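Shared chain: subunit A. Partners: subunit B in the first complex, subunit C in the second.
Entry: the complex of A and B
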């Protein structure tokens, strides 16, 4: 397997992410010139909270946690997509397309409805509930695709789309009957990072870290499976159990993302393809590249969502779907060659 | 002689000592009771039942709803308002004030940059209120559902910004309009009270049901609210039911049509109000907004519902 080419790509991708984070910090309903960001941040360190300028408060309490959360969620969704595409050997696989996000949102909505507020401690139970929903959905969709449609690309997609519509209808029903006790419909269909804080970041970052670490530790096996079960078997990979663990990891990544930011589509579909272009098909390179690119993409999408109609905001899922829809169709049109 | 000198010496000592004592006594600070310390903060309870502590006489006020802005104007503190929303159109001066986001999506970043002493929000602003709470910015949430709530809100805002007297006189003024209308309407027997349809929107038909202050205004003005038997606030209403109830007076405020266009709606010709041309386009900001102009709103409805009483 070739490992030479992409060595110098990662520093570039990290620089891109850092630049995007800084741009994101400088822009929003209130513009803060890049030159003043440093001054505001040193104020955060040096003076008590009551004496902060409004710029320091906006940066530290509102904008930075939000941008970092977008980065973490973007990394998680892109990793989940990369893992699913490799495991299922299907370039159109993604937690949104396969209905895993909808499954996670049903779990999260149920947990919220059971009187668990979306606070720091509440989140503690929302993410596990979302994980249960995501895992069940993923296994049902994969089962339907394998047993009933002979594991065809189209069968997998159709099973995913059907599950996705079905589950999001149930979520809509819950929202309708909840009388504003859970997030509004648009959160569950288009997602967003409005009103997100450090608590949300602290609550989900560990899950994303675990999910990513599991995938990365199994990168060799994942690369082997992406080349075919036979090949993987001959390379000494225990295919069924590896597949199980990796499906679980992608469900965990999706669940963590959905429980703080709702359903944001197409990140996991698009980003791994871009990552393959700049890095490699080898998952040891592909996973970090996907994660950092996904983070950069979602920070940028959130920035656009915040500034395009400022001081109001768009749901970030509108931006990702505007990019992802055409990309999906482009992949479909190339299907014979690539998928 | 020696005795005398000694005596003199003692006397001098005594004199010096007593002088010293007097001086010392004079220098001792007098014990006075200190004036009672004026509290610098005030605590109010908002419509969500939350206790909010804020500085007395807040000088930087942000309003996130047009009705809040109107109240602040009516009690004479609009000059302290540093942020409003895109739909705060009255008074016209309010349109000059910078926007703290939109009514439906206030921008927390913008509000923070305005450094407010107090924010007056509405019940729909759940997420921004949570964020402002976390940032330690005092937010008073108002949720007026009834006329009593509107009057209470005027007093509450007056209390919060240190303009109680002005607020009470605004309330008194509204109450005197209510009394005037009620005195006239009291003479109208129940069977002479027309069925009134308040059209919030035409397609689909939306109207104000029992749990709205518009229902209260219609009844106070001597009408019978067509949807007064429906529970809820603003509800969709079937056209079949509307034809059955046959309202004698129709009000609408959405201004999507002129009165002429309204009167020539297909299928509406059989309705009593359309036949007698008692369809009125009213300023919805006066009637539909839970602000200090509801006295005017009541007067407008009353004059149209019973024109003969006001000749």
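Entry: the complex of A and C
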């Protein structure tokens, strides 16, 4: 049997992610040498909490959950972007560009404001509310683009930008009128992983896992649809229902990410393109590559946000937008003819 | 002859009430034949194929494949019986030839199943039939027009359907590649497939097809063997241009020469 080269990219990407996680754990307001991380971790396992060194406490209480959360959110956003780009056959599609993130943040903000503490599966109501917001926005944007603008790239982008601005304005209004009452919302709308704990990770990881699994189970159908709706139909794919399920999965991934870390843009736009370069256009390989690359990228972006102005912190969205904005323009220039 | 591969009964289809595309079309495609669908632009040739594959749902009438109405078939079931090669188009997704051909096995795979031994064999056979073994690891964007067309054909072959339908498979190809592709289709027919192709070139159609379906303004104007359909009168009536029909000096089939 011949070895297919792209298959061997994954171990490399996983190694990169692991290295980035370790670098992220080692750095911050207090540096912990990589050589001492292992010792601190075994301390966490072997000794009672009261006896932990400050390094062990910092690692276990702050750095590890934060790095893992950034990884999970990055994987989710990148997967959502990859799915949307395939479904819409549009390399500029992404939950941020299409306004899905804004829809999710409106849903989440409403839930936080109303203090909906009704528990869904013990995970709080914020993520489900964000999912409703994300799904509604996604369907409105896709509907506008398909029905009213003949499904052009430009139409899709404009519909997304319009929805995004509109919904973020509403979120800003909500925040403005509730500023004194609810500090956490202001904090959350800035986007980032500051003061996030294991609870956040546990709350969000199952949603990301489900969203990713749905997308991966449908990887062949997704590749077929990315070739063309009619082509997929001829291969026996039920295109409308498959598209519905996959749009739902990308909305879920976005909602989970946004409800825990606010709006972080451009991850879903950039990462799938990079994943295609190092791996393949075939979704069977593109999805895992996107997820792991997205995780690595967001862990790195969060690290930069933490150390560049330490002991203060930048919102991580600034870092991703600084990379993503130019990348978006680069993609636009490549597709000039089509628009 | 046994049961026809496809039989169409009183099929009508319109995009809107004012724009009928096909009106009361009835026809049969003989099992194991190479049948050409001819007609001027807008006669409804591509629409007929899209109705056969149920990409469009007919307004009225019925389509039977292998004696069963396609109405009651699932998408998967239908795609195991009829494989369609659409009009030439560029794919934005740049997968390898082998990956494209492997997608042809989708109708046989469940969500959780890995590629089975039968899948692998079907992919290998289709690559061989398409003459693509050397190109199997190349991505689609690196292929020439003729190679890309054969890759799409191979994907359809991997579907293991008994009917192969193609929409203008030779458009955009030079004459050498047109001949190659039609020869390949003829070989596949000889191996037992029913081949149904929308064609534009009357002379090439006469050279390779056994039966022809001539459409005019959404209706069947003539159907039958090449000799029955390809007459000067039919061409004048359907295409609105004068032509004379003569015998091919080597193959003896009718050929059309246009008159000024």
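Following the convention adopted for this analysis, the second predicted complex is superposed on the first by the 312 of 339 C-alpha atoms of A that agree within 3 Å, B and C clash if a C-alpha of one lies under 4 Å from a C-alpha of the other, contacts with A are read in each partner's own complex, and residues count from 1 in each chain.
Heads up, the rule we're going with is that a residue touches a chain if its C-beta (ideal position, glycine included) is under 8 Å from a C-beta of that chain, and two chains touch if they have at least 3 such contacts.
What you are looking at is a predicted structure, and each value in this text was computed from that prediction instead of being measured.
Superposition of the two structures on subunit A leaves subunit B and subunit C fitting side by side, clash-free.
In the superposition on chain A, no contact is made by A:254 with either subunit B or subunit C. Once chain A of one complex is fitted onto chain A of the other, the partner contacts of A:280 are limited to subunit C, with no touch recorded for subunit B. Across the overlaid pair of complexes, the angle with its corner at the CA centre of subunit A and arms to subunit B and subunit C is 170°, in steps of 10. Looking at the shared chain after the overlay, A:62 reaches subunit B, while subunit C stays out of its contact range. Looking at the shared chain after the overlay, A:54 reaches subunit B, while subunit C stays out of its contact range. When the two structures are aligned on the shared chain, A:194 is found in touch with subunit B, with no touch to subunit C.
By the document's definition of touching, of the two partners only subunit C reaches A:230; subunit B does not. Comparing subunit B with subunit C, the partner in contact with more residues of subunit A is C.
Looking at the shared chain after the overlay, A:168 reaches neither subunit B nor subunit C. Nearest C-alpha atoms belonging to subunit B and subunit C sit 43 Å apart in the superposition, given in whole angstrom.
Residues 99-102, 104-110, 112-115, 126-128, 130-131, 134-136 of subunit B are the ones that touch subunit A when the two sit in their complex. Subunit A meets subunit B in the complex at residues 28-30, 49, 54-55, 57-58, 61-63, 180, 194-195, 197, 310-313. Listing the residues of subunit A that touch subunit C in their complex gives 4, 86, 89, 91, 217-218, 220-221, 223-224, 226-228, 230-231, 233-238, 276, 280-282. Interface residues of subunit C, counted against subunit A in their complex, comprise 50, 53-55, 74-80, 83-84, 86, 89, 91-96, 99-100, 103-104, 106-107, 109, 111-112, 137, 139, 156, 159.
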